[in-house]
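Look at the two complexes coming up: chain A is in both, with chain B in one and chain C in the other.
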Partner chain A sequence: MKKLLPLLVVCVMIFTACASNADNKNENAGAGNAGGETTKVTVWAWDPNFNIKAMNFAKDTYAPDHADVTIDIIENAQNDIVQKLNTGLSSGTTKGLPNIVLIEDYRAQSFLQAYPDAFYPLTDVFKTEDFADYKIGPTSFDGKQYGLPFDSGVTGLYVRTDYLEQAGYTVADMQDITWDKYIEIGKAVKEKTGKDWISLDPNDLGIIRVMAQSAGSWYLKEDGKTADIAGNAALKEAMETYKKMMDANIVKIHADWSQFVANYNNGDAASVPTGNWFTPSITAAADQAGKWAIVPLPKLTNNEKSVHASNLGGSSWYVLNVPGKEKAADFLGATFGSNVELYQKLVTEIGAIGTYKPAAEGEAYKAGNEFFGGQKIVTDFATWTAEIPKVNYGMHTYAVEDIMIVEMQNYLNGKAIDQVLEDAQKQADSQLK
Partner chain B sequence: MIRRLCDRFRNNRLFVKMFLVMLLSIVAVSIAITWVTLNTSERLFMQTFSITNSKVLTQIETSIGSLNYSIVLATNNMLQSGSIKSFLTESSGNSKSIARTYFGMNQQMKRITSIVDAYEIGITITGNNGRSFATDRSIWPLTDSELIVHPITEQTLKEPKRLLYQFDYVEPSETSAGQASIVASKALMERTTGFVYGAMYFSIREREFKRLYETYTSLGNDVVILNGKGMIISSNRADWIGQSDPDLLAKAREIVEQSLEYKDVDRDGRDQLLISKYLESLDLYLVNVIDKKTAIGQLMDTRAIVLIVIAIVSIALLIVFLISGRLTKSLSRLVKQISTISKYDFDHYVTVGGSYETRQLGQAFNAMLDELHEYVDELVETQRRQRNAELEALQQQINPHFLYNTLASVKFMVQQGSKEKAAETINALISLLQNSISNVSETITISQELVNMRNYVFINHVRYGEKIKVNYFVSPDCMGYMVPKLIIQPFIENAFFHGFNKKSEGHIYMLVAQEGNALVSEIVDNGDGMAITPEQLPDQSKGSRQLFTGIGVRNVHERIKLLYGDEYGVSIMSELGEGTKVKIRLPLIKG
Partner chain C sequence: MREAKAVNLRNKTNVVGWSFIAIAVIMICAFYFYPMIRALLMSFQSGTGTNLSYVGIDNYTRLFSDSTFITTLTNTFLYLIVQVPIMIVLALFISVLLNDKDLKLKGFFRTAIFLPAVTSLVAYSVIFKYLFGADGLINAMLLKLHLISVPIQWITDPFWAKITIIIAITWRWTGYNMIFYLSALQNIDNSIYEAARIDGASSFKQFTKITVPLLKPIILFTSITSTIGTLQLFDEVMNITKGGPGNATMTLSQYIYNLSFKYTPDFGYAATVSYAIVILIVIFSILQFKLAGDRND
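And now, the complex of A and B:
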């Protein structure tokens, strides 16, 4: 019996040793995971054909040299992103939010000003002077650069050359025209071909914004906070032009993006004044190759300040102030912030034109586009980019837009333009207080 | 080898038996306890599981119900909306009027969308005029032309009054990733006329829909939503989604129809517990599939339990093995020793060792052996003494007849006047008596015995005449050896009185010599002889009045054996008509 006791003790010790060994292993494994050599950087963006694709290219160029970072790109509708960001940031919890998020320039200030601490400054990550000037305003706040400018929203007028020719016009007739001239040609095209001249969504006044910015004007005054509607000559003329188009019955109406694209791909509409990001949608209809040209944006007929260049949309990348922000910033800086090669790829593979100036020196920027009959569209857009008048999108672009959409209908239905602008101004003033 | 093994087995029989019994009982007890524990907890677990899960199902039902209610509200709003109706029915118009319609529709849709805002639902409406509108096409990425010919549209138009919940999987394409969606659809119909002017679709990504119940699921505890056709439209198990499972539908129906609490089923060889609810307004079956093995396996680590039991059993067996080994080893050693002792002799004590019990047993056994020894010794001693006493008594009984006859012979001699012979006879008798009536155990030298013999023979010659001659041949070197008193006398007496019944005269020779380590004395006569074997000793004690003492030939033999051991004694060889030869072997004892 006396001999058995030590044996038992030994047995028990072996068992405990085994058990504690197993525990140790688990702990080690846990620590390994938690300590995490790989950082996961989550990216939220919309539009799989454009933004998501571009981000994937950036990921591909970055990943080989950075095995310690995994980039996880998640597609979300733009509205969802806005909603989720607002919900998350206003509640003060950053849980569930991504590291990098794409924000449209029109909305950028509303986020930067409302949640100044929620974003991670990128001032040291890239050189702001390398990017188009007009992008810096919306993406910075209080002297700090928060957004890394991504795509250019520089506008042009895409036009079907074959329809033009049927109506007796050439592309040359479209160069540097006014909106009135534009409508005039449109009428002819409609008459000759039966095709509408332009496709518009009555619930999206993008074309009004394009016209206003071409004259250096916006829904809001310089301060970005006060509505600038009543007495805004550019805005007034833009609305009048809009009504002229409607009255001329040359407008195809669409209700959403897919119909918008379909109207052109099906050949139901002949021209589209919009941002350069529309290029992939046009080129998607391969059967229309060679039938399209891009000409400078028409300018407001009676506004001297108006130029043949404007901006529509365009967005930038922002880093949220959440764990992993340094890695996320480094990722952006190494790709969109400095990689010329990446921008060449974006142009050739997606047709996305960035706002990174050094990239314009690359071959891809100078190449002609066969779809557009060999036109050097990137060079053209780059030229127009430089001409874009700078405006302050402020914090309330979309709030004013919502008011304008309703008032536009009133105007179309016969309400006097000055009254329309007065009413809109009143509503905006009371809302933006 | 085998015999050794068998021997070992036999020697350890007790241990083997004991160990086997312990082994069987320990194993049986642990298996039984483990089984009962596992079984009981499994049953308990299943019961609680089914109760809590029914509650969970009710909650899921509620949350799906509220989703459904939002959709129903939205459909009602859309059915009543004039602007939507005109958007979908208006055939043509100028830009301005179309813009107005689109605007009105959009404003209306914005309001309606807010009803379902709580969920990520995309609303699509299509009209007979080819127009369509979608709030979010990414949720259910179909083109208008695809939608028109889609089976969901077909189903919807077939049952225009019903809100149908269907599942659709859009294959991944260049522009979008593969997307599983749940689509609630209903025809847009004029209530009064029954004219169908379009359809509305509420699409929700399956992964969003899943959120309504996903938190309640766990490994082995899965939730499945089946539509009325047996298709799995949603499940937390991604691999089940979109599959048709009529078997599960049948079982779910059975549960609902018989209003069972739950149902045990065996599907694809898996033991499962099904709980089901029927969502009537949606025509969907909500089924909770609990894979017993996985669910319980998660709760109870059966393997760990079994391993622990095995470990405990092994340790117990090891201890039992060692303890019972030690116990039985000493015991069986004891048994082995005891069994050999009974066979051979009592001198071997058993080794005292092992456990307390066997030690006590061994000690008791040894003590018993000691006592036994004592008793045996005492018994032997007593018997020896008794024999000696007997012999002594016999020896001391000088036959009164002998004395009487001798004295009568002397009287005759005196009467006849042969005084000298009478005196000689009396002297011989005195010497004989003197030597005889002392302690019987005493030994005397051969020469003294020889004197006794001569006296005895002399007396006999006096009494019966001298027809039988006696001659003595004693080796001179033997004269000094000691022999028991009157050891040879009975044989001479025997020769005198039995050897010459038929023959009237003859010789008796007495020889004493040293033969090896023994002293041999032979009494040889040439008388009648007897028909006896050497071992048979004649018994002549009965009715012999001539005898000198009561000691017979047989007694002498026994006495020698008693005194000196088995190798000594008397042997007789005799032949009828030839004579008898008696040989006495005695040890050499120096005087």
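And now, the complex of A and C:
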């Protein structure tokens, strides 16, 4: 042991020396590269049927005029992207990282603030006023625009019209309702059809976030750093509404995405308030064509600020501050930043609704959808997108959510709501620094 | 003259000897000790992403007031206290059965019980998730047999989710531990049992008085590796329940993952939690050595 210790110390010293040498070398190499032209632009994104497809369309529109740039699109699971970015950026070596990366809006601030200078500002690449207001907050930091807003997470309420009719209601009864009314109709549907009204995952409080944002409120205060839980009226009402649903026995529980989709495709659940990106999952059950409608999101019953529009998920494109950033920024600006045609294609081919306002004037946005009985769903979603209250998702959405999930269980098990919120606030305060 | 030669020769042998192990030593230093020391330094820092700054022992005091850490610690201990003994006893029992001379199809049974140990952690976790789903095979079976009237929420109920995890890791690791016992059993001289039988010892007596004492070093080894394995439990929980419902099944390792990758990264605090695991593993290993009364170094 006595001999081992000096040996260790020596080894550590050698390696510290090696490591710092290596750092120097890398920096030199990086500087050398920046001088020459990099023509390969690498893109990381998840979901081959949605984001990757969209990126491929963008690539196709850009490629003919830009022979000097090759776009290389690589599919990675979202968790893997988050993990790779975190390890890559924190180690300080940008080698192996892409030029363009897709980041979920809820997480964007955590990257922008945790790794200053890691991203390339896109302020001059596109006009922020062309995009939905609510997207700009999460994608910018310190007065600079870093993200190019991509898909809208605008929410709507998907509902089975045939089950509604069996319970004595019509789609007209579902327009612009409150969550209390929603639960009331749900009870009737459950009674008449035996089908559950909604499918929820106790580990994912997406619906709470949707309700809170509909009232312009979030887990965090305006600054994006302080938890806003105790005394948050919207959050409190959202949780109470959640419990009412559970108590009304109209909820089917699922534990993962595939069960969630299956509950609707099998006809076991009758309505789902969620983001518009859920449309392909609904239309996947071809035998249910004509049996679905999309109505505006219900609003909180007792909150005046609550509107019939909210957001769930959604992501934006970011350019990393690595060689090739100018080309990457130019590519994004020319495609997602200004190409109305591209957005029409995204709607017709993928069903992806962007947040680029001029795109709403296009033909594809005005077409009816046969699956939903000819309803002009894209127009509806685009209208609701404009109404989404702007909130700051801040840096700690997922950290607070995990605290809320636990406290929600306590609440459902009988703990008083005010105590629940206070305890959650205390935990969040000690955890968020 | 002669002495000088001898010294020279000894030096040479030393150099040759050291150079043989030098590569391994350097590698171990580079990939084990160096990161360990850096992680230790990191555990005294806090901040988001690359904005780390030294905060002294703040991270360590934060551990004691962090309710998520305490919950994950309790969960991990629960797995440890319930699962490890069950698995060790089960593995011991099965290995004794399989070591029976008169057993037919020995190879088949051994393979069958060892087979879970070669499956990928993620693959089996995903299969368990579906087996134990609300509409899964296990529930369907229990319902058909009229053992239960409503499906058990294996994944979404805090209590049953823990049971599911324990069943899953027991299935996966029992066969692995059994192999150690089997190989040790085959090294026990049959004449000892013969002598015991002549003295009129029952099978149970033979088991408790001969088998168990002779297997003691192996039992110690498997219980230490199982303890370490349980403290590092990650894949199963991540894939079967994602730590839920709430954080009812979350383990320390998953909490480290969440701190580094799910939330806004705080690598400093994550390193602190990792060191908490290290300290626990050291304490437990010492404890087990002491309890087993093994003086061999």
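The definition used in the following text is that the second predicted complex is superposed on the first by the 395 of 433 C-alpha atoms of A that agree within 3 Å, B and C clash if a C-alpha of one lies under 4 Å from a C-alpha of the other, contacts with A are read in each partner's own complex, and residues count from 1 in each chain.
The definition used in the following text is that a residue touches a chain if its C-beta (ideal position, glycine included) is under 8 Å from a C-beta of that chain, and two chains touch if they have at least 3 such contacts.
A quick note: this is a predicted structure, and the numbers were derived from the prediction, not measured.
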item: Overlay on chain A: chain C relative to chain B, clash or fit; value: clash
item: Touched partner set for A:P48, first chain B, second chain C, both or neither; value: first
item: First (chain B), second (chain C), both or neither touched by A:M239; value: neither
item: First, second, both or neither for A:V154, with chain B first and chain C second; value: neither
item: Touching partner for A:A230 - first (chain B), second (chain C), both, neither; value: neither
item: Which superposed partner A:S430 touches (first chain B, second chain C, both, neither); value: second
item: Which superposed partner A:A58 touches (first chain B, second chain C, both, neither); value: neither
item: First (chain B), second (chain C), both or neither touched by A:D256; value: both
item: Which of chain B and chain C A:L412 touches, first, second, both or neither; value: first
item: Chain B versus chain C as contact partner of A:V101, first or second or both or neither; value: neither
item: Region of chain C that runs into chain B when the structures are aligned on their shared chain, from 44-52, 242-250 or 260-268; value: 242-250
item: Residues on chain A lying within both footprints (that of chain B and that of chain C); value: 7-8, 11, 15, 79, 202-203, 253-256, 259, 405-406, 409
item: Parts of chain A lying in touch with chain B, wherever the complex brings them together; value: 1, 4, 7-8, 11, 15, 48-49, 75, 77, 79-80, 196, 200-203, 245-259, 262, 405-406, 409, 412-413
item: Of chain A, residues touching chain C in the complex; value: 7-8, 11-12, 15-16, 79, 82-83, 86, 89-90, 92, 110-111, 113-116, 202-203, 253-256, 259, 395-396, 398-399, 402-403, 405-406, 408-409, 427, 430-431, 433
item: Interfacial residue positions of chain B with respect to chain A in the complex; value: 94-96, 98-103, 105-107, 120, 131-138, 143-144, 175-177, 311, 315, 318-319, 322-323
item: Residue ranges of chain C touching chain A (in the complex, touch as defined); value: 25-26, 29-30, 33-34, 37, 46, 48-51, 62, 65-68, 71, 129, 133-134, 153, 155-156, 158, 241-248, 258, 260-267
